[in-house]
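Consider the two complexes below, in which chain A is the common component and chain B and chain C are the respective partners.
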Partner chain A sequence: MQARWSLWRPSARGWLGILLMGPSAIVVAFLIIYPLARALDLSFQKIRISRAGAARLPFTLDNYSRALGSDEFWNAALVSLAFVVLVTLFCFLIGVGSALLVNQRFPGRRLARLLVALPWAVPEVVAATIWAWMFDGSFGVINWMLQSLGIIDAPVAWLSQPHQAFAVCTVALVWSGYPFVAVMALAGLQAIPGELYEAAQMDGAHAWQRFWHVTLPSLRPVCAIALVLVVLRVMRDFATVFVITGGGPVGATRSLAIYTYEQAFSFFNIGYAAAVGLVTLLLCALFSTLVVRRSVAA
Partner chain B sequence: MKGQALPAFATLIVCALLLFPIWWMLVTAVAQPDDLRGFPPVFFPTHPSFAAFHTILFDRPMLRWIMNSAIVAGLSTALTMVLGVLGGYALSRYSSRAVRAAGMSVLLAKMIPTTLLVIPLYVLFREYGLLATLTSAALAHCTVTIPFAIWMLKAYFDSIPAELEEAAAIDGCTPLGALWRIVLPVSLPGLGATALYAFILSWNEFAFSRTLLFSAPENWTVTIGIASIRGEYIIAWNEIMAASAIVAVPIIIVFLWLERYLVVGLTAGAQK
Partner chain C sequence: MSRLRNILAALALGFVAAVPAQAQTQTKLRFYSWQTDDQSNSVWWLAANKANEAAHPGITIDFVKIPRDSFADTMMVMFSGNTPPDIVHLASFEFPSFAHEEFLEDLSPYIAKDGLDLKGWAGQEKCVVKGKTYCINLNYFGYLMFYNAALLKSAGVEVPHNWTEYLDAARKVTVAGSGQRFGVGLHTTAGAGQYLTELLAIVLDAGGRWSNAAGRPTIDTPEVMEGLRRWKLLQTEKLTPLGLKAEDIRQLFVEGRIAMRLDGPWMWSLLAKAKPELRPSLMVAETPTATPLGGTSNVIGMPANLSPKRKKAVWDYITLVTSQHWQEQYVALSGQLAPRPNSLTREVLAAKPFLATFQAAQDKAAAEGIDRLPTGFETTYNEFAKIITEEAQRMVIDNADPATVAKRMQSRALALQKG
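Our next item is the complex of A and B:
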């Protein structure tokens, strides 16, 4: 009995916490931290995949200088940036828009809230495959729709032209990405106290002014978090682009993630790929810190 | 009631547009082969055909892929739940500077590009002879599932009053005994939602699986399988959509049924 009581003493609490967190910490160290260190080590060697694990090659910065001096790398960075900007923009427009819509009072809004977020439940590979089929150049339903609406005259071979293929990937990324924004925005909207709107109404604010001065500022913290997570998701995305275009045509959709993968597992330049991947990670970390800092400061 | 018709109508249109791809997947899966090449497309199938489901299930290794996916997801979920419960409980009840530091560093895993992490994992698994085994994929999936499970369970444990454990202490329980006998039984809904979410994350995962398992077709998961059919020269879209439906529909049903609980996972750790 004595021993049992002593385990509840405040002095034992610190140790208990460490004991409980320990297993996760060890597994994470083995599966994430040690591998990251290995990736860093690989990035400082001029190494191909077949040699990995053998004796260490001499230290070199070649991989980094090669990346920063190559057009392919900057092209991939540009593609990633373009995806991030466009996909984030549309995810927020559709996500916040649909959240505002289903936050209104109308019969069936519970079901509507469910349905609006439903694409989240579709696996990325499946979503990408569906969009590839819808944008199919010969029998795709999108070509038929655009032709019937008179927007295009002849079927478009979406996936074999650079800009069109980029657009298809963007659409697919937005479709899988907006539900998260919608869910976050809806949670934010429901947390706004009704008194705020009443007070604004008393002061004679119109609907538009209430939206601009009450709704949007209240959504800011939630949106900052959603922004970070959406940007990280797009930066790290591999499945959608890989399934739809594989990075083509002529590199039009070859993002940093696809470029890293291609270098590592198609060309076997594992050291170079690790360098590119680490630069990507650095960009992700910089961006997240910036946004988090700003949103905390605001 | 009068002012409600407009938002209801607008929502109907928006939902129809946003959910059209899911509808199109289902329609294509049951389409007659001729309908796939006909214009105008058939939007509402009058004579659904289930031949594509038959082909995909019995002429292709779909059942094998499904089994592999289930094994990988089951393994990673099991490991994730053990670690997630302990870690989440530590963050909720035994938080100290060291514990919080560990918890935060776990969150940073969300920033690491999969395509980067998979490179050293590939090398490591090859060194240990695990490459192309289901275990390798399950372990790799844990890098995704453990971080979120710890934070999702922390949020759940936070909602359980600490008085429960105080009472257990008075009754002579050890701290771990209190977790096992008192806290876990009342946390079953949270545990179930977390496990389900971890399972779904692993089930849907592509980048790790594709890299680690690609050289062993007998160990392919459903996501690799679906992507591989599309890579073929002649694409049988009804078969791909049938396979997609088999993979996606169970998850869609789970989502519709348990959305309330799963959304917690979607935003878990986001508030921190």
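Our next item is the complex of A and C:
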């Protein structure tokens, strides 16, 4: 007699998995794949404002060739790259540094950990608005402090000068981004077996050597994931920079995210904006794949 | 049994009677605006909505706020998704993009049918696209000068009447203010549309225009170059706080930190926020510029894809708000001028004498045919604004020659027109 087919049988595990994954797969498809496919379709049309149900415009590569030949696009790409490099670097320096600090035993450690993670809890727009006020060229507290300390003679127009505005945005992005690295690194630090340090100490390794040869390699997998997430966060950041500078002055802080928004919602160039957005997505995907592969290989 | 039948019959009758009543209350017109809670326009809107609901039982207005910063984005998403609001309220500089895409209903047949007289209606020509009237203009403004009489007096200067006096007053107030008070207040940061408007106010005084009547850019003219030079001067001499948005500048004016501010009539209502001891010093006059900046501000229309029933309800609403009575009410309640001719009544003028100054500025700007929206750049206004803003900012940052900057602006504007 043949046994009845059942989803619970080991041989039907694949089907059970598909069945269980089905609903979430459908939701993911609806929320991610459909918009992505729609954006891809729009990027191949010379369209200003799209309309649901309207006839498709002829296929064209104009949007991509326009983007690749546009100084503004490359400037935005450069700004994004600069943000990614600087913000990631400082997020890791401060994040790992503060994680090492709050991993030590000292009175008030809990409070210190809370304070390290605090910026993460502040909504982006709120934080950006506060930074913009603090760096206000005429009435900001930063200028007042610097002048009071005798560091500057006259107020600095932080948000009206390209380099200064870029620096302000970088500071704001680092401030809101380092707690994530700190939390990840702290989790990584707590997972390192104490025996490794004991063994290194017995071999005569001093503090720096223990950090370099034990702590850092052990943190590598955590850091690789954190790196991908931080880079993606900076690449897609819109609110912080937009609230502080709106992408200005003279495009000094216009990242790819802001450039895309500007083209779509300010200039009503939906087709072109979709092309720029997809190129950005491609860059992010390439970077993530590269880092994850290297991390897995290591 | 017969009792049960009677009950059922009564219930059925009640249901039949209730259906029309329910249907009557079911038409809710969606009206999204950025003016739902300001201290000027919202008072009028709310009163007009109430009047419309009273005049048209069964029609309610869902008056919802969308912040100005995200208004165009939201409208675009709504129109793209075929779910636009029933009553379309747009800023005049974003309206052409929606009209060119034919998202809006041509109002010409409605206007003809109801005999709405638009003769002399300020700024109405901006609503006509490809020969069709897609909107009714709701506000045409003339720029004014708001000033702090006490600050000017303490710096030993009179209210300026021309550029030379204006610059002199700005310098003296700034020097007396020791970095805490400024002669003028300009929007010099992100927000290209506002930047362009404020720059244009200065350029106009020098006799410059962004484009001619045929829509060709005229930025590389000596007049525009002079305007740019003046704009640069105000910033390089730090006569204005730098890097601030118009909203912040207005606030600083209300707090008594800025002596002179060229702005639209909407700023009047903000003066009420000033401290009581400061309020008497805050005054309004015609701009010291020879030609005041003028322009259409916002328009009303309806989407093309509404049902006939909703179109009628929306048109009834438009008819109400553009009627003589409600245009007069606009002046009385908002403290701004309405576009309909003769909307400023003697009684209102007696109660609000400052409106005479508003009227003079509006008339002067209208007589010169000035609009902040440059001809030839109606659908690319935001891109045009970005070009001019970026180049003007670069001029100040790099201390560049205004003549060179004007030429670069001209070539970029021409490239924009060519697409």
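We take it that the second predicted complex is superposed on the first by the 275 of 298 C-alpha atoms of A that agree within 3 Å, B and C clash if a C-alpha of one lies under 4 Å from a C-alpha of the other, contacts with A are read in each partner's own complex, and residues count from 1 in each chain.
As a working rule, a contact is a pair of C-beta atoms (placed from the backbone, for glycine too) under 8 Å apart; a residue touches a chain by one contact, two chains touch by 3 or more.
All values derive from a computational prediction rather than experimental measurement.
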item	value
Fit or clash between chain C and chain B when superposed on chain A	clash
First (chain B), second (chain C), both or neither touched by A:F139	both
Partner chain(s) touched by A:W120 [first = chain B, second = chain C, both, neither]	first
Partner contacting more residues of chain A (chain B vs chain C)	B
First, second, both or neither for A:P162, with chain B first and chain C second	second
Which of chain B and chain C A:F265 touches, first, second, both or neither	both
First, second, both or neither for A:Q104, with chain B first and chain C second	first
Partner chain(s) touched by A:P58 [first = chain B, second = chain C, both, neither]	neither
Colliding region between chain B and chain C, picked from 63-71, 279-287 or 333-341 after the shared-chain fit	63-71
Common interface positions of chain A, toward chain B and toward chain C	49, 52-53, 136, 138-139, 265, 270
Contact set on chain C toward chain A in their complex	72-73, 76, 79-82, 97-98, 101, 103, 179, 182, 188-191, 241-244, 248, 252, 380, 382-383, 386, 389-390, 393-394, 396-397
Of all residues in chain B, those that touch chain A in their complex	4-5, 7-8, 10-11, 14-15, 18-19, 21-22, 24-25, 28, 36-37, 39-41, 79, 82-84, 86-87, 89-91, 94-96, 98-99, 102-103, 105-106, 108-124, 126-127, 139-140, 142-143, 146-147, 150, 169, 172-175, 200, 203-204, 206-207, 210-211, 223, 226-227, 230, 237, 240-241, 244, 247-248, 251-252, 254-256, 259, 263, 266-267, 270-271
Chain B-touching residues of chain A, taken from the complex the two chains share	1, 4-5, 7-8, 12-14, 16-25, 27-28, 31-32, 34-36, 38-39, 42, 49, 52-53, 94, 98, 101-102, 104-109, 112, 114-127, 129-134, 136, 138-139, 141, 144, 148, 175, 180, 183-184, 187, 225-226, 229, 232, 235-236, 238-239, 242-243, 256-258, 260-261, 264-265, 270, 273-274, 277-278, 280-281, 284-285, 288
Parts of chain A lying in touch with chain C, wherever the complex brings them together	48-53, 136-139, 155, 157-162, 245-251, 262, 265-268, 270
